[in-house]
Amino acid sequence: MNARVNLNVKKDLLKYGAKDWNECFHCGNCTAICPLTDDNSLFPRRAIRLAQMGLKDKIKENVVPWLCYYCGDCSKTCPRNANPGELMMSLRRYLISLYDWTGISRLVYTSKKFELIAIVVIAIFVMILYINFTVYPAGDPNKWLGEDGGVLINNMAHWRKIHLADLIMAGLLSFFLITNIINMWYHMILKDKTVKVNILDYIKGLYLLPLHFITQKRFSKCDESVKTYWYIHLLLVIGYVTMFTMIVGFLEWFQTDKVHPFWHPQRLFGYIATVFLFLGIIYFYYNRRKKLRENSKYSHHTDWAFLVLLFLTVLTGILMHYFRISGMPKLTYITYLLHLMIAVPMLVIEVPFSKWSHLAYRPFAIYFSYIKNLAYKRK
Amino acid sequence: MENKVNEKIFKPKIVGFLCNWCSYTGADLAGTSRMKYDESIRVVRVMCSGRVDPTFVLKAFKEGADGVLICGCHPRDCHYHEGNYKCLRRYHLLKKYIIQMGIEPDRLRLEWISASEGAEFAKLVNEFTQKIAELGPSKVKQNIETFS
Amino acid sequence: MKELRIGVYVCHCGTNIAAMVDVEKLAKELSEVKNVIVARDYKYMCSDPGQDLIIKDIQEHKLNRIVVAACSPRMHEVTFRKALEKAGLNPYYLEMANIREQCSWVHTNRNEATIKAKDLILAAIKRVKWHEPLDKRSVPINEATLIIGGGISGISAALELANAGKKVYLVEKSNKLGGIMNQIDLTFPFLNSARQILDRKLSEVVNHPNIEIFLNTEIGEIFGYIGNFETQINGNKIVFGNIIVATGLKPFDASRIPEYGYGKLPDVITSLEFENMLKSGDIKTKSGKQPQSIAIIHCVGSRNEKYNVYCSRVCCLTALKYINQINSVLPETSIFDIYADMRTFGKYCEEFYSSTSRKNVTFLVFDQKNELPKIREASSSDKCNLIINFREKLSGEIIEVPADMVILMVGMEAHEAAKEVAHKVGVSMCGNNFYIERHPKLDPVATTTDGVYVVGTCQAPKDIPDSISQAKAAAARILATIEAKTVDVEVTTAFINEDLCCGCQTCIKVCPYSAISFDAVKKVSIVNEVLCKGCGTCAAACPTGAAKAKHFTDVQILSQIEGLFSYA
Amino acid sequence: MKPKLNLAVYWGAACGGCCVSVLDVHEKLFTIVEHANLVFWPIALDTKYKDVEQMPDGFIDLTLYNGAVRNSENEHLAKLLRKKSKILVAYGSCAHMGGIPGLANLFNKEEIFKRVYFESESTINPDQVLPQPHYKVSEGELEIPEFYNDVRTLAQVVDVDYYLPGCPPQTERLVEVFLAIVNGEQLPPKGSVIGAKDKTQCDECKRKKSDNKLVKEFKRPWQIKDDGETCFLEQGVICCGPATRSGCGVRCVEGNAPCRGCYGPPPEVADPGAKMLSAIATMIDSNDPNEIQKAIDTVVDPVGTFYRYSIPFSILRRKLL
């Protein structure tokens, strides 16, 4: 069955944030200027073509949107101002929704309202759970304070309970994310009958997954102007991963009743991660607000949602920490609740269904593309 | 090219009859485009390939030409409508005649070169020179000189 | 023959020649050749001092033949002929040896190039001995003009001439003037009404006292030559000095392309059929429904090895015009514009493309060279009438495009009458039946037959403004020749020696210009030197040696050949 | 009374037809004898070569040399007669252009000997004996003329004053020329063709001609039903008339055979065959290379057709071997 041209995809992409890309008349300047494109994967021009024609299946099996880090050179070069960079961005959003078999992703991306409601619903759900499974610090405040004057947080919300909830959530999110990646794998690798990837290829490319997950190495291949951007993104990733590891992996160690001295690794790591996160948030926010860069010129509602939620998560986290070490149990309790009410919806929506899923899709896309090339070369 | 044509042993001399409007202009174009080709060719300009009298060809062989090249406008592009076709007809009969007279047919060649085909002309000269070099010197002149 | 006194001039052309040819050595050696009185080399022969050198030598040394070894005669033969004339010598006593374009510029071995240059010059010396003086000739001009074809080109030329007070005979084969423009709705890029433009012109033409219109008329045999043509129209003899051929075009027959199914699939239509729909304001499929999607296919019969290799020049812009028109009438209808290349040169045309491309249209590219799109009838599940299937070039994907209607942008071919008219007026055609202009760049209006001009789409595909420009240019050219009262004719013509001609008449059919006729009284063939263009084919065909191509005589060329071999 | 002229007639490589054409003067012989002494004419008189050798130089007023130069005897006599004659006329096609014997230039001596002495159907030569120019026998040395490799025209061997073409020349022309000399008329410049006209055959040909000479194929005379009126060329038969001097009285065409060109080329034509070949090729009614080739296939033997009488005289002179 040949690909049928479908103009609805074109209309659809507008909702995913594509701007003016129909102006494109395929001069190929974008591909020529792109520092990342190579003979194995030419973009962005060809991707624009697939989008213009609405060849949904072809888009779905296409890896190239993930190879783009949106340095914006293409958009700057485009003689028709067709914003190829933004189209690549939109295609990533579109792809996320295509990989997602639940359909939630599509709703998040195409409806502001849905995203908002989803956040609120999850937040309320978290609130109910929290209220039911934690202990409100009523009565004698001293009862809630440790010898060092810090709030005995584990009395209030024991790390075991929270850890359990974290693991359940992580499991759930991983389930969605992994099934979506399987979906992506099916379309990118399995469906393509022209090439057979063998087990050795899979093993050979495996190292790429952690490498690109942590470093976003390819991003640094974009030219000088994006170096700062990449560094800050890297800080953000480090901050996030540190926090995530400490919270989801080692909550017992991270959430202690004892207030450690400032130089204690628990606090130090927390502070550094927080600073990194904040720096990132401020930098990205400032970029988007001022439309400083090509990749921050256009902001989809999911972009803002992500930034705001992350900011609030960090903010509530800091406040909670402050209240805890200052011995203010009630405020600690409330900020802890708020922290969870923001962080959980953020993770639930962003990680498998929206912007944050790129932390998985990008390394996997690079991995798939690499092993596919191995198979091609063998052929 | 030059390596193949061994200059010391044999340097072919070719007479080219070129029509003014297409081939001669094409040869000029090869010049203005600074394309390089073998020195073997000596061009005689005629207004039309239809002017090429078989006598000219025979005369060239008699005087010592190792090859004779006739070039005209491409079919249907003749400046004078159909002169090139008349040349074509004469060329075929002339060829039959020279074969009977023991001259290698490859020593006579008719090609269409348009005014824009400078590169093709240069290529043709080199190719034809190469062919003539393979055939070796023409014996017509010597044959006439030793006629007894 | 008077004593032969030859002057030989070898040009350095700066270093253009001197770098590859030892010009000084040549001049020295050539001065020793028999009959060569002076041989010189000079930096730039074509410069004023260079020419003066020749003039001075002619006068001082009583030279009567000149050989200039320099650039191509196509470059400076006229220059040096003028110098000879200035010195009181017949200009045809000149012979040039082309040692630049065909020697110094194309060779790499200085020694060989010098030998070759010497051969060429010796040949010129041998040849020039036999040169004969030739005189200029001119004939008077009849002021009337015959225009063949009453389309927009013919009409424009007619008005231009008639407004200048000259008589015009406008002959049209069909029963009305206006040609293909009658079938067009709007014009690109400004979307003006073709009808309005045409009507204004037509009323002018019809009422013009200087224009005589012949409808339903085909042109008969034309006799004569520039300034003095004549023919019969409806039994009456008319005479005229110039001819404008404006026979126009024939739309490409789309049924020749099997892939498109034209004639079999009812909703596959040609651009001209679509023009008709636009004119009636009723864009409907054959079943009477409003099309949900319309596909436009470009280059139908154009730019394709199998049909016509040339570009028809108007189809791309016409397709863009359709996009605009469909957009405004049926804003909801999807438009697929399937092209091989988008060619929108011309004033305001790129702008037109630019603005149109931002409209509701999807551009798709097919690979003209390898595979044409295939149109098939859609199945009931497809929700459209037709499916177009092809490999989309910019993505490399094989795609299917659903459409309710397909418009084929048919290209232009020369009118079917072109060949016959070509024969009658004596102009030649390219391989594709368009007329050949005298020079593709320097003279795209005249033909190689003096007094015959080609305008509009009979010369090559072109749009309305280009046709009109060419028509008016031809008119201007004709007015200029009329103004001059007389016209110079070719002097290097053929000549038949009555003392040798046996009257076999072999030469008569050989002449492409019908310039040779048989004098039944003298029993010899006679060349009409006004008609003759000097190709010399008759001279090569004449078995008696009576027919001579002036300036290219047997003895001149045979001597030249001899000269090529007179040195080592 | 004027002193009588000394007249010589000699044949080189010839068929004898030219000598017969001299005899064809019939009763005019008396006129000739009245004005001339026949001093040398091997076919009619028993004058020995030795006698000629003993004549003083320039003794003969007019020599009609017919036949081509094929062997050493022809060459010797050509040179001898040149020395002894005031006016040497190349008489007939063979002396003029090589003639029919000139067709032997399509072969070389070796091939000819092989064919004649070994291979021809009527030859029995088991010892492979070949003629030897010198052969010793007991009585002494026998000598026969040496056979040359090439056939030459008279002018290619000695200086010729006039050419009187034809195979054979028209006898009337001979008489005219003879009387002109006798009467001391102003003779044409040396090297002229005499006894023929500048115009070619068609000028005198009575057949109907039109300007349409285009044909799709060429035919041999037996392939057409000749109407006796239409130009042969227009009937598709190759007739060399247009490229051949008139003067013969269009004898062949009058006899319903196309002209074969024995009278040779008109004044401005260097190579009669090439001109005729060019004219004939031009008449092919097609622009398509295949069709052209097909038409040319019907020109069976271009050399024999266009150079029947003129191979040694032509530009190429002989076949390359």
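In this document, chain identifiers A, B, C and D correspond to the written order of the chains, with residue numbering beginning at 1 in each.
The definition used in the following text is that contacts are C-beta pairs under 8 Å (C-beta built on N, C-alpha and C of every residue); 3 or more make two chains touch, one makes a residue touch a chain.
Quantities reported herein were computed from a predicted structural model and do not represent experimental measurements.
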* Asked: Which chains touch each other through the most C-beta pairs?
  -> B-C
* Asked: Looking at mean CA positions, which chain is nearest the middle of everything shown?
  -> C
* Structure fact -> For the pair chain C and chain D, the C-alpha centroid-to-centroid distance in angstrom is 52
* Asked: Could you state the distance in Å from the CA-based centre of chain A to that of chain B?
  -> 75
* Asked: Where the centres are mean C-alpha positions, what is the separation of chain B from chain D, in Å?
  -> 34
* Structure fact -> Between chain B and chain C, the Cα-mean centres are separated in Å by 28
* Where does chain D touch two or more other chains at once, residue-wise? -> 270, 275, 278, 282
* In chain C, residues with contacts to at least two other chains -> 510, 537, 540-541, 554, 558
* **Touching two or more other chains - residues of chain B** => 53, 55, 59, 75, 82, 86, 90
* Classify the chain contact graph as line, ring, star, complete or other. => other
* Inter-chain touch pairs (all) -> A-C, B-C, B-D, C-D
* To do: Show which residues of chain C lie in contact with chain B when the two form their complex.
  => 72-75, 98, 100-102, 105-109, 112-113, 115-116, 119-120, 123, 428-431, 436, 448, 492, 510, 512-513, 533-537, 539-541, 549, 552, 554, 557-558, 560-562, 564-565
* chain B-facing residues of chain D, complex -> 106, 148-150, 152, 156, 270-271, 273-275, 277-278, 280-282, 284, 286-287, 289, 292-293, 295-296, 299, 301-303, 306, 314-321
* **chain A to chain C touching residues, read off their complex** => 2-5, 7, 10, 22-23, 25-26, 45-46, 49-50, 52-53, 55, 58
* Structure fact -> As the complex stands, chain B meets chain C at residues 2, 11, 13, 15, 20, 24-25, 27-28, 30-32, 34-37, 39, 41-48, 50-53, 55-56, 59-60, 63-65, 74-83, 86, 90, 122
* Which positions of chain B touch chain D when the two form their complex? -> 53-55, 58-59, 61-62, 75, 82, 85-86, 88-90, 92-94, 96-97, 100-103, 139-140, 143-144, 147-148
